[in-house]
Structures are given as structure tokens and as C-alpha cells.
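Each of the two complexes below includes chain A, the first together with chain B, the second together with chain C.
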Partner chain A sequence: MFHWLERNPFFFAVGVFLVIAYAGIVTILPNFMESARPVVGTKPYTVLELAGRQTYIKDSCNACHSQLIRPFKSETDRYGMYSLSGEYAYDRPFLWGSKRTGPDLMRVGNYRTSDWHEYHMLNPKSVVPGSIMPAYKHMFSNNADIETAYAEAYTVKTVFNVPYDKPDMPTLGTYDESKKVVFAEAAAIVADMKSQEVKDAFKRGEIKEIVAIIAYLNSLK
Partner chain B sequence: MNWLNDNVNLLALIGAAAIIIISVFVIGKYLRQMQNDKSGGELAKDNWDGIGEYKNPLPIGWALSFIGTIVWGLWYFLAGYPLSAYSQIGEYNEEVKSYNTKFESKFSNPDQATLMGMGEGVFLVQCAPCHGVTGDGMNGKAANLAKWGNEEAVISAILNGVKGSDYPLGEMPAGLLDKESATAVAAFMMQEVSSAKKTKNSALVETGRALWATCSACHGEDGKGMDGQSANISHYGDAQFVVNVLGMGKKGAIGNMPKFNDGRLTNVQKLAVGTYVHSLAK
Partner chain C sequence: MQARDALNYDYSVAKCFTYSTILFGIIGMLIGVVIAYQMAFPELNYLAGEYGTYSRLRPLHTSGVIFGFLLSGVFATWYYIGQRVLKVSMAESKFLMIIGKLHFWIYMIVILTAVVTLFLGISTSKEYAELEWPLDIGVVVLWVLWGVSIFGLIGIRREKTLYISMWYFIATFLGVAMLYLFNNMEVPTYFVSGMGKWYHSVSMYAGTNDAMVQWWYGHNAVAFVFTVPIIAMSYYFLPKESGQPIYSYKLSLLSFWGLMFVYLWAGGHHLLYSTVPDWVQTMGSIFSIILILPSWGSAINMLLTMKGEWGQLKSNPLIKFMILASTFYMFSTLEGPIQAIKSVNALAHFTDWIPGHVHDGTLGWVGFMLMAALFHMAPRMYKKELFSKKLMEAQFWLQTTGIVLYFSSMWIAGITQGMMWRATDQFGNLAYSFIDTVTVLIPYYAIRATGGLMYLVGFLMFTYNMYKTITAGKDISSEPQNASPMSA
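And now, the complex of A and B:
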């Protein structure tokens, strides 16, 4: 029965591939669709959060901080429930990271607050005495790029059908509509902050990167 | 030289001799076979560039184990591996379950020293990032826990109000009473309502009782907060008060405190934190 395969190297190779790939097929395929769908309650990022996410990527936070809680008791005790793949449905790209120099940030919004992040970005050692994290003072002077963030949200809405403007989901609308939402969100964060510089800038209509990244970090739950 | 008396040495020597003798015979046999034997038997029909293959019938034991392996392989492919594969989440669930069972039985009735030790451990991980390792609030970044849970703090709360506890009856406004009345009410509250049951100004307790209506309007006659409508100040000065704050979080005048109700802390751990925080109060 195998003589035919011996004379047809191509089909023999296909057969070998199927046999070897089988383990992958049975472990990945059965709940691939289910686990790739957004977990109930997962929402796309608002425009301000996306601007903060861009700052997070720009300053390479993911080089030292992971966003993936493994199912180990030691990690779930410290960071909360382990991560599910559906929770990353709206992360483009996901920011799992691989080097855990700093703590995991997957659910940092559950246990840190706006004013803590403000102290920490300005001078990490002021709140975590042994910290080796550098200060990110420039976040207090650079403006967040709201236009690019809107463009990103608009693109994923149009191209990938990310559910903006659906019931119970963040509103996007036109750029002008979105800008109003962004400023309302930013106002709530600025009110929690201490920095006069950031407050003055917000009155002038500027949103600093620190406001956007705090919005992003608070959204990680 | 008496190493031949050693059993192990003797055995090794005999073994070496046996190997040499057997090797000589086996090598000799195959050398003769290579010189003298002619190939024979029935050729299989396949022929690769003039090189043929004789039909060698499979030994029956070998054939049975080969077929057995295929049958086992099919079972393992289709049922054995997919249905009972290792699962990391499964291992995690078992680990957590056995840990929780052990935790509950070990700490079902913790004594004060156990609570203090556990509370300090949890405090250093969960609370110290804002309140500081010593609980001093790190120069006003969070509440200084040494200045909490005592009579001065009650007077200060009455004079300055309390922000951001998120109870249905809302925030406690500042300036409900003047300083003199506040001192008296605080004396009454510490003596009669709170679990501290002592006051520094015992002479003022009766004056405070007359003014208690200002507080009981929201906190209830017994100070228990009217079933969650406002803070339960009958627990003021004990661990349970801290447990309540952990559950509610606080958006206070100094900064925001997150809620600790996402299951990261068990009830015993919360009580332990309360005990430890209470011990920091002076």
C-alpha cells in the first residue's frame, strides 16, 4: 500500500507534513475561533487612550514591561487574573513584551491611579525607592498626537470593522466630534493631576503625552 | 600483587576474556560468510537502477508489534492526546485550589501575631507604592497612616470634611461644627461609638452626646452608617474600618486610592492589612 507513496515524493512529503502537523492541528484549531474573539466586556481603545498607547510604544515601555499575565499563582496574586487571548482583540499590535525588567502592566489600571502615575513618570524613585526605571519628564512637555490616534481608530474601524460607535462602545464619529470626547476624557485626568504646567497647557487646549499615557494605563484592566 | 583476590577484578577479567573470545568467533563467522555465501531467494518486483531486493518475510512477533504500534498511534492521535492533553490552565486551577484550601485551613482562626506578619507582607506589596514602606504617605503623596485612627483625625475630619468615599449619602462637608464642638463630639464618638472606647477628653463626652445628632443624621444613631448609606464609624479605630476602605477605594483630597475588591486579597488578608495599618496609627 505504501509503494505508491514511495514513487511519488511530493505526496510522500505532504503525508509527512500532515502527520507532523497533527499535534498542532488538534491543539490549536478546536477553540481557535472562540479564543480569538473579543472577551465579553473588552472594548476598543478611545482616541485619547490610543494616543497614550502610541506614546507607550514610542518610548519603548514594552522593552521592559510585559502585558501578559501567565497562569502562575505567583503572577495572579500580584497582577490579577491571567490573560486571555480574546482580551487582546483590539490591540494592534499586541504589546505582550518578552523582557520582564519591570512589573507586568496588563491590569495596572486596577491598582494604580492617575496621581501615582504622575509622580512615577516624573521621578520613579520618589514612589518606588529601589526603582531602576528612568524618569519620563519629556511626557510633561510633549503634546500627545491626537490626530494620528484618530486616524488609527478610523482606519481600524473602516478596515477591520472594530466596533466604534456601536451601543456601549467608544464613540468615534468625525474628527471634530471625537476631539470633544478626547477633551472631556482628558479633563477628568487633568483634574486628578498636580502638575500646574500640564493644567495650564490643557487650558490652552494642549493635551500633554502624560495625560494620554495615564488614560491608556488606567484603561488596562 | 594480589589483585586477583578481588572478586570484582576477577569478574571483569573473565568478562573481558569472554568478550574477546566471542568477538573472534563472530567476526570469523561473518568473514567466512562474506567470502563463501552466494545470494539467493525470490526477488521483489521493485528494481532501482538494476539493484533489486529479496523478499524477506517479516517475523511474526515483529509484525504484530508493528501493527500494535499503528493501532496505539491512531488511538493516541485521535483520542489519547486531544482528549487528555496537558493543560496549563488546568494545572493552574489545581494549584490555586490546593493553595486556597491550605490557606483557609491554616489561617481559619489567625492570632494577632500572624495577622501582623501577614498584614506587613501584603502592605509592602500592595500599599507601600503609595503610602510608603513606613506608611508615612511619602511627603503627602498619600495619607500618612500614622495620623489616622485617633481622636485628632476625627476632629480634623469634622472640621475639613471627608472627600471621595463614594457612599450613597455623599461626601461629608467641611465645617459642620466649630473646633470646640468638634472636639466634644470626637470625644463622645471615640468613647461611646467607635471600637477604641477611650478618649483623651473624657470631660467632654456628655457635651458631645448632645451634639451627636449632627453626625447621626448620616452615620445613624449607632454610628453604623445606616446599612451602607455612609461610613460605618462604629468600626473607627479597628481593622474592619480599613477593610471597608479597601473595598470602597477613595478619591480623596490627597489622591485616588484604587479599590481592592478584584479578588487579589482574601478576607483574611484584608483583615491582616487592617490590623497592620491600625498598628501604624499613633
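And now, the complex of A and C:
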């Protein structure tokens, strides 16, 4: 059979494809629906949090920070309750990471505050002596992209039925309605921050990346 | 054209991809060395403002070496090997020549755009699949062009039986096509909402499902880019360079179909103790162990091809590169399955042992095999003698030392950190804060970076040697021949 296949490229290619394709189907499909179901109490991200999540992705925070707490005592002692599948139901893409050069961030919102993050992003060593994390000063000068964040929320609501605007769920509404919510959320974070640059910009109607990413990090619980 | 007139094959596309292999090799490895030093000396993060931080550069390094350096190498060797094992010249078909050149230029545009967008932070965050949807489309186009080139050349072949290398090239083409398409399924947000950045997209899969698809891709992208085409190269270049026939046809048959059958299952070992279903994790673990068989099958087939001819290791530095590559293949395909055992993975996952494992495969197996392949091709493509064997010797030892420094420091760093994360005091409390487990690694990070630097310097020596071969090598009138039983 193999000699015959080696002289018939078409059937050879079909054979190879069948042999490599089946594993994906067998492993991914059976639990697909189940894995997509949210845990009770899990909510989609607000638009400001999504803008922060996009900043997190833009700067590849996931290259060094995981968001996956494994069910070991050493991990639950350090980071909190181990992760459940349904907690990730609104994570597109998932951000588990594959390397912990820095600590896990799955529940960082439980034990860090807005001003801690502000100091940390400006100068990591000021709050964590010996830290090898770079400072992210540009987050204080770049504006967060609220429009794209809204576009993403609108898209997942439309295409994947993510429950925005449902009872007890974040409101999305139209872009103008959404902007009001975003500014109210951002105002609370800006009030906790020290940076005059960020405060002045907020008065001018600009939301800096740092504000958005703090909103996102605070939402991780 | 006479089928056996070996010097009449058309290497113009192979040459183009040879240059891009070298170009992206230098860029990708240089960025790798920079980010490695950044971990030891964090001040180096501030050389280029926003664009020079570790986190921005890391996807550039991985994409640069995988899709720039390595893929170029795969294409370069394909455009060389393909003609020879099918006994047909590219020059015989105007159509295939145009496809080949188009393939190269679209590839260059896609990769160079990818470099720019990754610097700008335009990323989907999925590892080795960071490119946003417009570039994904570019990748699909260049892949289809490659497919046309492969099957087009097969269509006009003279040698009816496909040589082993061809099996692996076909598998590379099909495997990557399937994986890349499914992992990059995303919805462009602009087309749904009419606002925001036009190139932004959101993944089709959420959470745990996204993770499953990503690591089905992530693991097997490694298989079908880092392993399968490299085996294609070793099955061609080792017998050609040594003049020895492949040790066993049956073993190559077993290894090929075994690898195809088993590999795609093993992705689950990236997700052990995560929230994916338990049975998927267990299957990932088991199949990773089984994977030793086909991997070692290929490697042993390589090593036994040298049976009775081990003296060539002394006389021919190219044989040395290829044999060490096969040895590193055995080494990393043993290390990988060990890391896939659940209890070992509990310690190793998230630590530096993982990048350590990746690099003994990529530097030792992939890098060495690819450089040896290009060294073998150069005299035949340019009709020049290789410039300096002494330089090759020096490069070999410098790079080998670099690899040893790299993986040994990463073993120590990974296991140290894994042990410290779980260490408790006499009352059962965690013994170390997280930062304690970082600062202790800094010396190992410095050693690792230095190992990487040595490898980069070796690559520059390779580049110089190739450059001198092409520009100043002695002309040769006939192809260098070894006591080869193969006439291709």
C-alpha cells in the first residue's frame, strides 16, 4: 500500500491529511459547548476594561504573566482560588500565558489597588524591589482606544450573544451612551491616581492607556 | 534538459530564500539575544522607548525566527530539493517560475509588514499566531502559492516515486495550512460595528476552547515547522553529503506515519492542570510519551546511515553539524515527553525549563540542520567551493558551547524556580515571595544570554562564510560528488 501511495501524490496527500486531522476533531469538539458556558456570576468586560485588555495585549503582558491558577495548594495560597473553565467564558482571546516570569494575574484585582498599579507601571522597583519588569511610561501618554473597545464589545454582543444590556450585566447601548459609562468608570480610577498628566488629560476628555489597564486589572477577581 | 545533468536545475528562487533565511536569522536571533539580556539587566528595556520593551520584542523574536528564519529555510531547501528528487527543473515551466518568484515576494511583503505591526503592538496575543487578520490573509496567499509550487512540480515530475523528503514537505504544507486556518479564525470588529480600528479582530473561540485550539496549533506548529520539514532536509542532505544510503526504508516509513498519527494529539500537554477536560490532558500526556518512538525512529535512521563511515565526522564539518543536529533531536524529543508527564509538568510548567527545552531543539536540531543544508547547497547553487572549512569548525564549537550554556542554565533556573514556588516553611506557609524566585535567577539569565550571544556570533560566522563562498569562492566546473549511490 505504501509503495502505491508513494507513486500517487493525490492519495498520499489525502492519506496524510486524514491521519493528521482526526486528532483535533476528537479532542476539541466533544466538550466544546460545555467549555463555552460561563460560571454563575461571571460578567462580560465593560468597555473601559476591554480597552485595558487591548492595552494588555498590545504590550504583550501575557508574555510574562499567566492568568491560570492551577489546583495546587502552593498556587491557591499565593494567588487565590484555582481557575474554573466558566470564568473564562468571555475571554476572547484567552490570556493564560505560558510563562511566569512575573506572578499570575488571574485574581490580581483582589489584592492590588489602582495607586499600586500606577506606581508599578511608572517604576516597578519602587513597589517591588529587585523587579526585572520594565516600566511602561508610555501608557501614561498614549490614549486608550475606546472606540475599538466599543467595536469589540458590540461585535461579541452581536455575533456571539455575549449578554451585554441584560439585567445585572454591563450596559453597552449606543456608542454615545457607552462613552458616558466609560467616563464615569474612568473618573473613579483617575481620582485614585497621583499623575497630574493623567488627571489633566482626563479633564480634556482623554482617557490614557494606564487608566484603562488599571480598570482591567482591577476587574480580574 | 537531461534529467541527470544536475547543474542545470534552476536555483533562482532557492537563492532568494537563502538570502532571506540569513537576513531573518540575524534579525530574529539578535532580538532574541537582546531580550535574553533584558531579563538579566532590565535597564536594557529602555533603548527604544515603547518599542524596545521585552514584552513588545518577544513576539518579534518568536515570529522572526519561526516565520522569518526557519520558514525561509524550509522554502529555500524546498526549491532546491524538490527539483532534484523529482528530477525536473523549474526552468521547464514558466508558470512554476512565476509562481516561485511571486511566492518569494509576497512572503517578503508579509513578513516585513509583520515586523512593523508587531513593533507597533498590533497583535492578537495568541502565541506564534500574533498577526492580525489582514496579515493572516497574506499568509494564506503565500501558503497557497507554495502549495501550487509543490503540486505543480509534482505534476510534471520525471521520477514517479516520491522520495521521503517529499512526504515530509507535503505533510508540512497540509499540516500548517489546517492549523493556521483554524487557530486564526477571528471576526474583524470593524465589519460588524462599523467603527474602531479596521484591522482589529476578536477570536472566534472563547476561554478554554480558545486555549485548546491555540495549543493544538501552538504545539503542532512546532511539529510542522520545526520538525517535519527539518526531517525532510536531513533525509536528503545527510545521504547526499555522506554518500551513504538511508539506513532503513521501513524505519522511515514507520517514523513518518507514526509521527503524523501521534503528533496532533500531544498539544494537550501545554494545558496540564488547566481548565481543559481531564481526559484531554491525560491523552496529551500519553501521546507525548508515545511520540518518542517515531521521533527516535527518524533520529536513529539518521545516525545509522553513518554506519561504518563515522570517520567522516573528522574530515567533514558538515557531517558534524548534521549528526549533532540528529543527536539534539533525540535529546529534545526525550526531554519533551518527560516534561509532559503530569507530575513533572506541575514543576516545570511556567518556568524557564520550557524555553530551555524549546531552544535545545531549535538551536541544536533546527538551526544546525538548516545551516548544514545551506552549506551543502551553496557550492551546487553558485558553482563555487565553500570558502573556509576552518571557519566552519570554529563556528561549530562556538555554537555547540553556546547551546550547552543555554540549556543547562535554563534547566537550573527552571527547576530552582519551580521548587521555590512550592517550598513551604515548617508551618506549611509559602517560604518565598514571588520576587525572591526571580532575583535568584538573574545569574542564570546572564549565562543563558551569553550562550545565545555565542550562537548569534556563530551565525554571523556562517553568514560571512556563505558571503565569501558566493563572492570569492573558487569556481568549480562540476558538482562536488561524494560516493553517493543516489543519482539525483
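FYI, the second predicted complex is superposed on the first by the 185 of 221 C-alpha atoms of A that agree within 3 Å, B and C clash if a C-alpha of one lies under 4 Å from a C-alpha of the other, contacts with A are read in each partner's own complex, and residues count from 1 in each chain.
Heads up, the rule we're going with is that contacts are C-beta pairs under 8 Å (C-beta built on N, C-alpha and C of every residue); 3 or more make two chains touch, one makes a residue touch a chain.
Treat the numbers as computed from the prediction; the structure is a model and nothing was measured.
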First, second, both or neither for A:Ser126, with chain B first and chain C second: first
Touching partner for A:Gly173 - first (chain B), second (chain C), both, neither: neither
Partner chain(s) touched by A:Pro163 [first = chain B, second = chain C, both, neither]: neither
Partner chain(s) touched by A:Arg78 [first = chain B, second = chain C, both, neither]: both
First (chain B), second (chain C), both or neither touched by A:Asp192: first
Partner touching more residues of chain A, whether chain B or chain C: C
First, second, both or neither for A:Trp116, with chain B first and chain C second: first
Which superposed partner A:Phe32 touches (first chain B, second chain C, both, neither): second
Interface residues of chain A shared between complexes with chain B and chain C: 3, 22-23, 27, 30, 71-72, 77-78, 128-129
Chain C residues within the chain A interface of the complex: 38-39, 42, 45-46, 49-50, 53-56, 58-59, 121-127, 151, 154, 160-162, 167, 170-171, 174-175, 178, 182, 187, 189-190, 192-197, 200, 202-203, 205-214, 216, 253, 257, 260-261, 263-265, 267-268, 270, 273-277, 280, 283, 346, 349-352, 354-355, 421-422, 424, 429-430, 434-435, 438-439, 442
Touch list for chain B against partner chain A, complex: 46, 77, 81-82, 85, 88-89, 91-92, 95-96, 99, 125-126, 129-130, 133, 138, 141, 255-258, 260, 262-264
Residues of chain A touching chain C in the complex: 2-3, 6-7, 9, 12-13, 16-17, 19-24, 27-28, 30-32, 35-36, 54, 57-64, 66, 68, 70-72, 74-75, 77-78, 83-103, 128-136, 138, 142, 145, 147-152, 154-156, 158-160, 175
Footprint of chain B on chain A - complex, ascending: 3, 22-23, 26-27, 30, 71-73, 76-78, 80-82, 110-116, 119, 126-129, 192
